[in-house]
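Have a look at the structure below, then the notes.
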Amino acid sequence: MKIIKKTLLTLLFPALMFAVMLAITASSDKCYVDGQLIFLQADMVRQVLVNACMTVCVALAIWLQLKNGRFDFSAGANMILSAIIAGNVGLQTGSPVLALLTAVAVSVALSCFTAAMYIFGRVPIIISTIGATLLFESLTYLVFGGAGVRAFYSTPGLSVFGRLPGIFLPTCIAVAAFVIFVYFTTQGRKGKILSNNQTAGVNIGINEKRNIGASYIFTGIILGMAAVIYVSQNTVTPQAGLSTSGIMFSYIVPVFMGMFIGLASCDVVGIIIAAIGMEILNYGLNCLNLGAGGTQQIIMGVFVLGFYAFSGQLGNIQALLARMKNRRARA
Amino acid sequence: MTTKTNPAEKRSSFPAFLGRHVYDIAAYAGLAATLILFLIFGGSRLAYNAQAVLQTSAPTIIIALGAVFVYSMGYMDVSVGQQVGVYAILMIMIINAVGGALGVVLGFLAVLALALLCGAFNGAVAVWLKLPSIVTSLFLMFFFTGAQFLLMESTGTNSISVPTSLLRPADRGAYNLLLVVIIVAVALAVTYFFRFSKLGKYTRGIGANETATAQSGVATTRWKVIAYMAFGACVALGTYVMLMRTGSAGKGTGTGYAMDIMICLILGGMPLSGGMKSKVSSALVGTLTYVLLTNDLTTMGVDLNMINFVKALIFIVIILITCRRRGGVLPR
Amino acid sequence: MSSEVVIEVRNMVKNFGPTRALRGVDVKFYAGQIRGLVGENGSGKSTITSIISGMQKATSGEMFYRGQPWNPSTMVEAQEKGISMVLQEANTIPDCTVAENIFAGRFDEFSRFGLVSMKKVNEAAQKMLDDFGISHIRAADSINKYGFEDRKLIEIVRCVSDDTRVFVVDETTTALSLEGRNILYKLIHKMKDEGKSVIFISHDMDEILEQCTDLTVLRDGEIIGHLNRAEMDAPDAVQRIRYMMVGREIGEAYYREDYDTSHLPEVALELEDLSFGPIEHFSLKLHRGEIIGFGGLSGCGMHEIGRAAFGLEKLRGGRVLRNGREITNCHQAISEGIGYISKNRDREALILEASIGENIVMPSLPALSHATFISPRAERDMARKEIESFRIKCSGGRQWVNTLSGGNKQKVSFGKWTAKGSDVLIMDCPTRGVDIGVKQSMYALIAEMKKQGKAILLISEEMAELIGMADRIIVMKDFKVSGELERRPDLSETDMIEYVI
Amino acid sequence: MKKLTKSLVALMLVLAMALGCVSAAGAEPKHAKIGVAFYQDTGYAVVATKAYLESLSEALNVEFVYTVLTQTDEAANVAAIQNLISAGVDGIICTMDLGTNAIIEECEMAGVYLAGYLCDYDVSYTQNFDRVFKSEYFLGTATDGQNPDDTTIGHTMLSSLLEYNARAEKPLTHVSMAIFPAWAFPSQETGAKQFVEDVAKYNETNDPDILVDELDPALDVLMFTQMDTTYFSKHTGIDGIISFAAGTSFVYPTMVQAGVDKDIRLFTTGFEGGEENNFGTKGTQTFQQNMVSAVESITYPLVLILNKVNGVTFPDMPETAERISTSQFCINSDEDLDAFMHSIYYTGNAADAMFTPEQVLNMTAFGNPDATYAALRDLLAHMTIEDLAK
C-alpha cells in the first residue's frame, strides 16, 4: 500500500508535466505538421530519454558533493576537460570504450586534484573549487592545441554512448556508482554523518580527509560518464571565465527538484524522475519554438524559485507534523 | 570560519603582526606585483595604458564596492552580470526614445529604480520564502538572461547604441577625471556606511552570527533589504559608467560580471563567509589586481592560450595564502 | 587507598599560546572510585580529562594507563582501549539514525570490502540500548525523534561498553534533567562497584558532594588538594572547597541576603494570557524592582516563557505588554528597554567571531548613531566602561569574544544590556557553566539591579540559585505552572522539588 | 572555360609579382607591431591565420599580438582592443564588428590603424559609415564571402545542389533552409530568397521539381544556438538542408542526434574540421557542400596597414575605406575537398599558403613601387577552390 502511494507520488511530477505540455502544445497550431501533433512522436521519447540520461549523470555528480555539504563549482570544468581529452583519445584510437575509460581516468584524477587542493589547502570549498575551475578551464586551451573535440560525436562508430541504447551503459554505471557509494560504503555513511555534524563526526573518529577523498573518487567516476556522454553528443570547445559553471547550472534544476521529489522515495529516484520531467518540459517548449532563448530561461528561473519556495514551506509543514506526533507520544 | 585570534597575536610583536595581517599583506603584495609588471611592460604607452586600466576597472570597482555589503553578510549575487546587461539595454532604449540629456536622466533613474527593486527582491523574498539567498539570485539570473534575450530580439539587432557624447565629456582628460571622481566618491560613501554607520556594522553582524545580531535588536530582514538595495544602486551606477565607454549594449553585455566580482573580492581578501573581517579595501585592491593582471599579460605578449592558465595559477596561489584556515575541521 | 592505580598523570603541562592551562599536574585515578574534579572555569579540569581521553595532546609530561605509558592520538583510540568521555555540549548527529550515531566511527567493523551492512549495525545498536535498559529508544529511528535527554543517553551508550575501564563525565549533568541524571548516577555507581574508575566533572557542588567518593580541587592549572569521603561529609566542606577553588574567602555574601520581597508599584512587563506552542493561557505581572524566578526541568516550558516575553515566540493568543505597548518582536522589545540573555550563549547571545566591543555596543548602535554617523570613540568608550565595570579579563575591547572563558563571555552578554540601560532583564540560565567567582559577582549585580528598580525574570535550572535570588519562584512542569513559592529564609530545595516532579 | 580565364589572370599576377621582386630588392620595411583580434580563440581559421602571419613576419619585419573578441559584449571588445594598444601595436586587424564606434575612437586617440577581415562590418557600414569608414584610421575590410549588397550565395547553393543531383543516383527533391539572423548575416536572408527564386526558375524548365520548404522565422533562424530536433518533425520528408548558417556547429549535431544524418544531405557554409569524414562519397555522405574564405584574405588589411606604417600609399588608393567581397572556396565534390585538404586552411602549414612572403612583400607599396590597390583587390577575387586545385 505504502509502496504504491510512494510510487504514485513520485510519478506525479513527470505525469503532470506531460499532461500540461500535452495540453499546451495541443492547443498551439505551431505544433501540428500536416494535421498530427509532433509532441506525440517517437522522436519525443528518444529525445527525452537521451537528454535525461545526460542530465542525470551531471545532476548526480553535483548532488553527491552537495549532500555531503560541499558545492563543487568545478564539476562542469572537470567534465569539459575530461570530455576533450577522452574525445581526442577516442578519435586517435577509434575506440569508444577506450574513450570512456580515459574519461573516467582523467575525471577521477581531476576530482582528486580538487579534493587535494581542498584538503591540503584548507581553503573554503567554494573558493578552492572556483580555483580548480579556473585551472581546468585554462587547461582546455592547452591540451590538443586548444582545438577541443569536433569530429567525435559525428563518427557513428565512436559516439555509441551518446545515442540509444548505448547511452544507458554510462548512465547506469553513474547511477550504480552513486547508489553504491551513498548507501553501501562505509565512507558514504560516514559522509552523511560529517555533513550533518562535521565536528562531532571528526571527534568520534571519522577521518575527514579520507572521506572527502573517497567521495571525490566516486564523483569523478560519475563525471567521467557525464563527460563521455557529453562528448558523444556535442562538439566540445575550450571554455573560459567560469563559463563551465554555466554548463553545470543548466543541469542543476533537476538536483533541486530531485531533492524535493525524492522526499516521496529516495534522492536517486527523485533526480532521475526530475530529469525526465524537465526534459519533457524542454521538448514541449521546443515544439512551441521556445526551446532556446529568453522564455525558456525565464521558465527555468520560475521553476528554481517555485520549487525551492515550496520545499522550504514543506520543511515547516513536516516540522509541524513531527511536533504533533511527539505531543501525542507524550500524552 | 574565521581563524581564532589567540591572545598571542594581541602582543604587537612583528611576527604576530604578520600573522594577523597575512590576508591584507598577500592581497597588497599581489597588487604591487601586477603594478610593477605594469610599469615595466607598459612601456611607451604608459599614460594610455593607465587610462585604459582606469576605464576597464571603473564599472567593476563600483559594482564590487556595492557588493561588499552583500558579501559581508556571507551572501553572493550571481545575477549581477545579466542585471547590468538588461539595465544597459533599457537605458539606451529610454535615451533613444526620449532623447537628449533628459533621456539620460530618465534612463538612469528608471534603471536605478529597477535596480533598487531587484535589491529589495533579493533581500526580502529570500527571507519571506525562507530561501537561501543564492536561490533568489539564481532566479534573477535566469530571469534577466531571458529578459536580455527577449529585449534584444525585439530590437532585431545584436547591438543598440547611443552617441557617447550624450553620456560623457568628449575630452578624454575630462572623462578620465570624471571616472576618478565617481570611483573616489563611491569608495568614500561605501567606506563611510560600511565602517561608521549601522548598515555596515549590521551586515557584518549578520554575516558573523545572524541569530545573535537579531537578538541584539537588529531588524535583520530590513537591513538585508537595505544592503541589497545599496548594492543595487552601485550596480545601476556601474552600468552607467560601463555605458560611458561604449555607448552600446547587446545580448552579451555584462556577461561574467558576477564571477569577475567574486574573483576580485577574493583576490582582495574578502572572506566569502562574510563577518567582521570583511573590508571595503578588498573591492579596490582585488579589482585593480585583476584588471592590471589582464593588461600585463597582453602587454607581455603572453600567448592567448596561456593567459587563462597563468591567471588560474596566480588566483590559486593567492587564495592558498589569503583564505587558508588553520586548525579545526575543514572549512565548508 | 589500597585499590590499583588505573591512570597516573605525571607533571603534565598544557599551553594554549601564552596561557598555561596546566602547570605540571601530578594526579592518580584509582579503580572503584568516583573522583570528582572541581575548579573554576579555566582551572584545567576539562583539560586533564580531554588529554587523558585523547581529544588533545599535552604540551609535556607523561601518562600511564594500567602501568603502561599512555598517549592516545584520537578519542576513538582511547575508547577502544577503554577510556571514554561524555561532554557537556550535544555531540549527536541530527538527521541520522540512532544506530548511525552509536557506531558512527566504527562502521568498518560491520563492513566487507568497504561495503557496510546497516542491518547488522542496527541489530548491534539495539542490543546495546536494551542492555542499558533504555529500550524505548529504537536503533533504526532517526535521532531527530528523540529529545535532548535521550540524545545524551545515546551518547553515553555510544562511549560506554563492558570493557570501558575509565569513564569521564564532563559537565554532562548540567544538560540533563533529574531523570536523566538519575540514569547517569545509577550507571556510574554500577561502574564503581564493578571496580572501574569514574572521573566526574560538575559545577553543581551538591551533586559532587552526593555522588563522588573522592574529590580533587584544581585552581589555575594546579592541583590544590584532595578530599576523601569523610572530609567531604564535614559540615564546613562546602566553604572549604569553595575557598580552595577561588583561593580567597568567598564569605557568606554569595546569594542575596535580604529577604525584602517588596517592589515598586509599576508593572514593568505584563504577559497577558499567552498561548503559544504547547503553552496555554499563561499570565504574569512583573513589577519594577522585582525578581521573579522560573524553575523546573529543562523541558518544562520555562525557557519558552522567557523567549515569548522577549517577543521571540509566535503567539497563538494573548499579548506581551510593556508600558502599555504590545511587544510583537524582539526589536520592539529592545527599544522598549527589555534585555534578554539567552540560555544558548554562544549561538544566540554573542557573536563569537567579533570583538568584545562590537558585541557590547551592538544593541546600543541606534542610540550612538547621529545622522547615520557612529563615532568610533563613542563605541570605544562604551565598551571600555562595561569591560571595566564587569572586570572582563581581556587585553582590550578589540579582543575577540571566542578567545574568552565562559565566565567572561557571560559578562560580555550582561554588558550588552547594561550598556543599553535596559530596565527589564530576562535571564535564561545566566550562570550556566560560570565559575563561582564570577557567579558571586553576578548575583551581587542582580541584587544591585533590583535595588535600582530594574525588573528581572530569572530562569534557572539550579534551584539553589532561584531560592537564593528570587522574590517569587514560579515552578513549571509539562508547560504548566505547577507551583509558586514566596521568598523566605527557610525555603529549601525539598519544598521546591515536589512541584518540579 | 571560366576556370581557364581565372587561372590565366592569376598566372599573370604571379608573373607581375616575380618582376616586382627584382625591382623591390633592397627596400627594408620599418618594423611594425600588429594586433589581430579573432572572432573565436580556436579552430582551423585561427590556427591557419596565425601560421600564415608568422610566416610573413620576417620578410615584412612585423610582429603580431593576438586577442579574441566577443560577438555580444561591446565593453569586453573595447577592453581587448585597449589591451592591444597598450601592447604598443601600430595597427589592428579585427574580425568582429561590435563596439566599433568606441574602438575606432580608441584607435584615433592612440594613432593606431584599424582594418577588418572575415567580417562585412555591416552595422558600421550601414549605420555609422561616416564615423567608421570615413575615419582616417579605418582602412577597410575584406568581407567573409560576398558583401550583403552583391550576394551570390543563393546561386552557389543551387549549383552545388544540382551538381550533386547530377551525380547522385537518388537526386534531392525536397529541401529546407537554415540561416543566421539578419542582424548578424544580412547576406544569408538575401541568399535564401535568391535560392528560392532560382529553384522556382529551375522548376519551370526541369523535372523532377525541387520542393523548398519556406523559411519559418521561428524555427529556421538559428540564434547562434543549435537547431533543435523538432526541426525534422516540422520539415517532414526533406532529403536535403540548405544551411546558409554555419552548419557544422549548428545543424549537423542535431542531425546526428536525431539520427537523420544518413538520410539528409547538408549544403552549408564554413568548415570546422571533421566534415571530411562524411563528405561527398565518404562516410554517411552527409556533407555535400562547405564554403570558407581563404585565410590569405587577411593579406588585404595587412598590406593596407603596413603601407600606412611605412608612410607610403598606393597610387590608386581610394579616398574612403572600402569593404570588398572575397571569393570563397566552395567545396562541393571529392576533388574539391582533396584540393582543400592541401590548403593552409586545413593543414595550418604556412608552406601550403597561396602566397610566399616575397609575393606579399611585392603587394605592398613599400616593397614594390609598381604595386597597386587594384592588384591587391583583384587578388581577393582569385582565392577559389579552382585556384587551389592548381
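In this document, chain identifiers A, B, C and D correspond to the written order of the chains, with residue numbering beginning at 1 in each.
Following the convention adopted for this analysis, a contact is a pair of C-beta atoms (placed from the backbone, for glycine too) under 8 Å apart; a residue touches a chain by one contact, two chains touch by 3 or more.
Computed from a prediction, not measured in an experiment: that's the story for all the values here.
Asks: Applying the touch definition from the top, give me the chains sitting in contact with each of chain A and chain B.
Replies: C, D
Asks: Using the touch rule stated at the top, which two chains are linked by the largest number of C-beta contacts?
Replies: Among the chain pairs, A-B has the highest number of C-beta contacts.
Asks: For chain A versus chain D, what separation do you get between their C-alpha means, in angstrom?
Replies: Each chain reduced to its C-alpha mean, chain A and chain D end up 39 Å apart.
Asks: Could you work out how far the Cα centre of chain B sits from that of chain C, in whole Å?
Replies: 44
Asks: Indicate the residues of chain B shared as contacts by at least two other chains.
Replies: Where chain B meets two or more other chains at a single residue, that happens at 1, 256, 304-305.
Asks: Please output the residue numbers of chain A that touch at least 2 other chains, ranges allowed.
Replies: Expected reply: 141, 146, 240, 293.
Asks: Go ahead and list every pair of chains that touch.
Replies: The complete list of chain pairs in contact reads A-B, A-C, A-D, B-C, B-D.
Asks: Touching residues of chain A toward chain C in the complex: what are they?
Replies: 180, 184-187, 189-190, 192-193, 196-197, 200-201, 203-206, 322, 326-327
Asks: Sort out for me which residues of chain D touch chain A in the complex.
Replies: 41-43, 47, 218-219, 223, 225-226, 228-230, 232-234, 236, 248-249, 252-253, 256-259, 261, 272-274, 277-278, 283-284
Asks: Name, in rising order, each residue of chain B that touches chain A in their complex.
Replies: Answer in residue numbers: 1, 129-132, 135-136, 138-143, 145-150, 153, 256, 259-260, 262-263, 266, 272-273, 304-306, 308-313, 315-316, 319-320, 323-326, 328-332.
Asks: Help me check something: in the complex, which residues belonging to chain B touch chain D?
Replies: It comes out as residues 42-45, 48-49, 52, 55-56, 59, 156-159, 161, 164, 172, 242, 245-256, 294-295, 298-299, 301, 303-305.
Asks: Applying the document's contact rule, which stretches of chain B touch chain C when the two form their complex?
Replies: For this pair, the touching residues of chain B are 1-2, 4-8, 10-11, 193, 196-198, 201-202, 204-205, 208-209, 211-219, 275-277.
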